[in-house]
Amino acid sequence: MEQSYRLVIRCPDRVGIVAKVSEFISAHQGWLTEASYHSEPASSAQQTGWFFMRNEIRADSLNVSLDEFKKRFAVLADEFQMSWFVTDSCVRKKVVILASHASHCLADLLYRWHSGELHCDIAAVIANHDNLRSMVEWHNIPFHHVPADKTDKSPHFHKVDELLQQYAAQTIVLARYMQILPGEICNRYSGQVINIHHSFLPSFVGANPYYQAYDRGVKLIGATCHYVTEDLDQGPIIEQDVGRINHRHNKEDLVRLGKDVEKIVLARGLRYHLEDRVVIHGNKTVIFD
Amino acid sequence: MEQSYRLVIRCPDRVGIVAKVSEFISAHQGWLTEASYHSEPASSAQQTGWFFMRNEIRADSLNVSLDEFKKRFAVLADEFQMSWFVTDSCVRKKVVILASHASHCLADLLYRWHSGELHCDIAAVIANHDNLRSMVEWHNIPFHHVPADKTDKSPHFHKVDELLQQYAAQTIVLARYMQILPGEICNRYSGQVINIHHSFLPSFVGANPYYQAYDRGVKLIGATCHYVTEDLDQGPIIEQDVGRINHRHNKEDLVRLGKDVEKIVLARGLRYHLEDRVVIHGNKTVIFD
Amino acid sequence: MEQSYRLVIRCPDRVGIVAKVSEFISAHQGWLTEASYHSEPASSAQQTGWFFMRNEIRADSLNVSLDEFKKRFAVLADEFQMSWFVTDSCVRKKVVILASHASHCLADLLYRWHSGELHCDIAAVIANHDNLRSMVEWHNIPFHHVPADKTDKSPHFHKVDELLQQYAAQTIVLARYMQILPGEICNRYSGQVINIHHSFLPSFVGANPYYQAYDRGVKLIGATCHYVTEDLDQGPIIEQDVGRINHRHNKEDLVRLGKDVEKIVLARGLRYHLEDRVVIHGNKTVIFD
Amino acid sequence: MEQSYRLVIRCPDRVGIVAKVSEFISAHQGWLTEASYHSEPASSAQQTGWFFMRNEIRADSLNVSLDEFKKRFAVLADEFQMSWFVTDSCVRKKVVILASHASHCLADLLYRWHSGELHCDIAAVIANHDNLRSMVEWHNIPFHHVPADKTDKSPHFHKVDELLQQYAAQTIVLARYMQILPGEICNRYSGQVINIHHSFLPSFVGANPYYQAYDRGVKLIGATCHYVTEDLDQGPIIEQDVGRINHRHNKEDLVRLGKDVEKIVLARGLRYHLEDRVVIHGNKTVIFD
């Protein structure tokens, strides 16, 4: 992958933002390989319009250092009240994966990472069961078994929290983790914790969504990749997809068929996140894919 | 379309049903052009298993009249405690469509009927607005404008009910009718009233599902074709499908894109119903497609 | 629909294009409601990289007339060797539809136009059969029956050509026209003639694609919306989609199921074209959706 | 998985087959858990109609041994000129996978097998590169590196053939094997060799289908799982699917996105085969899913 800088911006909309930003990039010889824009008009629910922007700039084209580029851009950003960041495509995010005993999402992520498809460092896998250890360790990734006692989960979360800090986790992936992360952790890693829910949200919130789907007699099952917030299954949605089922499928079939949807939805959602293609705006996302 | 008889059966499961039924058909020289079976095993939620069957038999192959065939089959059906019926593919169901002012589902059904794709008689269209009259009348179908007074809808429903009886409606299609049909009518035409709901149920029950979808930030919108029961949007689902959306789509785009999903889902669902491919079982459906 | 100007650009890629163009727009107080970019890097097959851009600007935000805007932009365009155009969203393209006797695509387009979903003027429908006259005339659109003699089609094409000129056609839609348009017409209306082919091209080029699909035993059927060039079924593809089939479907089922795919693919493709979202580049398209 | 016997039948169509077969099963107390039928009418291309049938019978319900059941059924089968077989769901097919250096399809199959989703024995993996050894051996499956010399591939195929016999392969999966299997092997294992081709056949036969797809500018890419015959990429198709692409995707993106389609299509196709859900009929398949 060619090295590039990703400049991602969110600010109140007004005339001239694109001009100013692209002029700035051009003035520093920045060669755009991708540029995406989105504006959301003012409405009854939202008094000002909002503007979103993602620029991907060839690293070797800039005539100043990245630090200098950022320092200068900050002035412009202030003028437009931007929330913004720049990332370097060659600096891989540190990812910690939380799992339970179900292997399909974890195995899929590990494979994609191992084959070079997911650009990140998987710093560690933490699970409340030990059955996935060998699979993880084959990939030369540290595995931590942190049991969760149903009567008191606080020691579990305390240890998880400690490990997240120890590994300096930047992105946390709940790969069918099946535990409700404490609000404190959700908030500390706000916009950095990604979950895969095994239903087409907002249908079938909570436990056993495939069983709920079976009982309701739906004709499609789905999966949802979303950011985790304090409100269970209510965070901003990154990606969703569905698969067709019919009356011949029993509950076990739904679970089996759902796995393929979950895997692909989580992998797509995580990819968007790792490539800085997601801008969170309230409880929704802008995805510059 | 070649004339055929459709024998549809539902009964408690046990050994030998297929044998007995197909032996019976064969003994009357019946040539099967389609035969579909489904069995649902007993479970914790359901004490007996159930068996479902649909046979399509060439009308010209039987060596007795249809009446005689039915009379004889009734004996067998009793033995197996079957609920069952036989229909003649050449006897078209009388369909009455209820609409409001939105035209997309109605226009789609009318086109499919006019081009010979939907095998039924559209006896009449009833709407609480008058704007679709010309479109309906071009197809030589009676159009009835029955206004609905928001403060008292009973005269509307009274008139609708009268028309349904006058036209001897066998199937009632709510093509974006936007009124909640009284329980009495739902029950009288139980299993014969088909609605299209403009969301992927059970998500976004009730009013304005596209606005709800927009506000939740989902990445797919859907539509659901279901039988109408007294419980709003809770009846047995016949068909569902979805379409992809993204952050660039506003509420109006969702409405526009959703129309194509609604049309196709309603058309598929109605087709299954008209071809006697649907067996209702509790709050779910078996679809022999 | 709010009035907007669409500025669409194609030019060799280099640093600073976005900056210059957006600076120009901003200098004229242009408020961007949409802005899309694409760059295609140089490769072994293509010596220079190419840059593509589409800007949608609120008409009421510009501080000069559209003519003046264009005049001034031409100077910038020259500097960057751009091929470009600006259209006004309120100036509807004049569309002539060519059909044969199959009604599904035509009926679908007429409905979408009639319900305000397709922003264009349908100037006329020309067909080599007369059976669709009543449907077209109900929409108050002129219908011309121009028979095609199999032994000599030149009088047919001569008349069609005459009508296209008479109606000042800007976009020509072949809605299952089933005739091979003469190269001369293809070339005169280059990039303006849109066809729907009833297969997933490049599979099943030529006649009877559904029969070819049936014989090959494929599990999906498709449709392709593409610009017409002199080479049959080889022009730039605008949109494609597929539908699932199985062994129970016979040839007639494929034809029936395919209709729904054709309609939606043609409608999407035409919409992209009418909204100036398509840039043709060699034998491919960039779609700014 | 509950033990069951699968009785799969193909024969010329006539009245009474279902009756006779189900009567036979019922007479032996066979409890049907699944029963699927298909008839293909006579046509201009096919003088007789054909009948296809798959019955899944609870093993513990039969009142005779499987051998006795087969012996008795042979008499009936003769009468109807059936080609038929019975398999035991608990006797796992011996599968040998042939690979090259691409890992995605292989890794996916190994994962599904390891997690209990694919009911078969993977007897061995044979590859003409050595890079996948560690992944295979982690699963405790023998790995054979059999290099293929471009100037003379016969030693390679000779060794492969030897290994297939040594492992008593019943099903051979070409998981992106990238070699053209000699006709002799294709014929010996007729109906038992499954390939995944990385295009939506019949589009893009032969080498580099993604590059062909890129150059043609298609809007969907696909994959095809099919039985291998002597004619390259022409064998009976088991399963196909597609994924959406656009102008922003370069050739490498197509390869990456295609992998997910390939994996799922191969897994579905192989599952159908392993569960004896596929009946080959000429160059087409009947899939009792």
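Which chain is which? They are A, B, C and D, in the order written, and residues in each are numbered from 1.
Keep this in mind: a contact is a pair of C-beta atoms (placed from the backbone, for glycine too) under 8 Å apart; a residue touches a chain by one contact, two chains touch by 3 or more.
Listed by chain with UniProt protein names: A, B, C, D = Formyltetrahydrofolate deformylase.
For clarity, every value in this text was computed on a predicted model and none was experimentally measured.
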| item | value |
| --- | --- |
| For chain B and chain D, chains touching each | A, C |
| Centroid comparison with chain B (C-alpha atoms), farthest chain | A |
| Distance between chain centroids, defined by C-alpha means - chain A, chain B (Å) | 41 |
| Chain centre separation (chain B, chain C; CA means) in Å | 36 |
| Of all residues in chain C, the ones touching two or more other chains | 34, 41, 248 |
| Chain contact graph, described as a line, ring, star, complete graph or other shape | complete |
| Chain B residues touching chain D - in the complex, by the definition given at the top | 15-16, 18-20, 22-23, 25-27, 29-37, 39, 41, 61 |
| In the complex, chain B residues that touch chain A | 38, 41, 200-204, 215-220, 222, 236-242, 246-248, 250, 283-287, 289 |
| Parts of chain B lying in touch with chain C, wherever the complex brings them together | 34, 103-104, 107-108, 111, 115, 117, 134, 138, 248, 256, 259-260, 264, 267 |
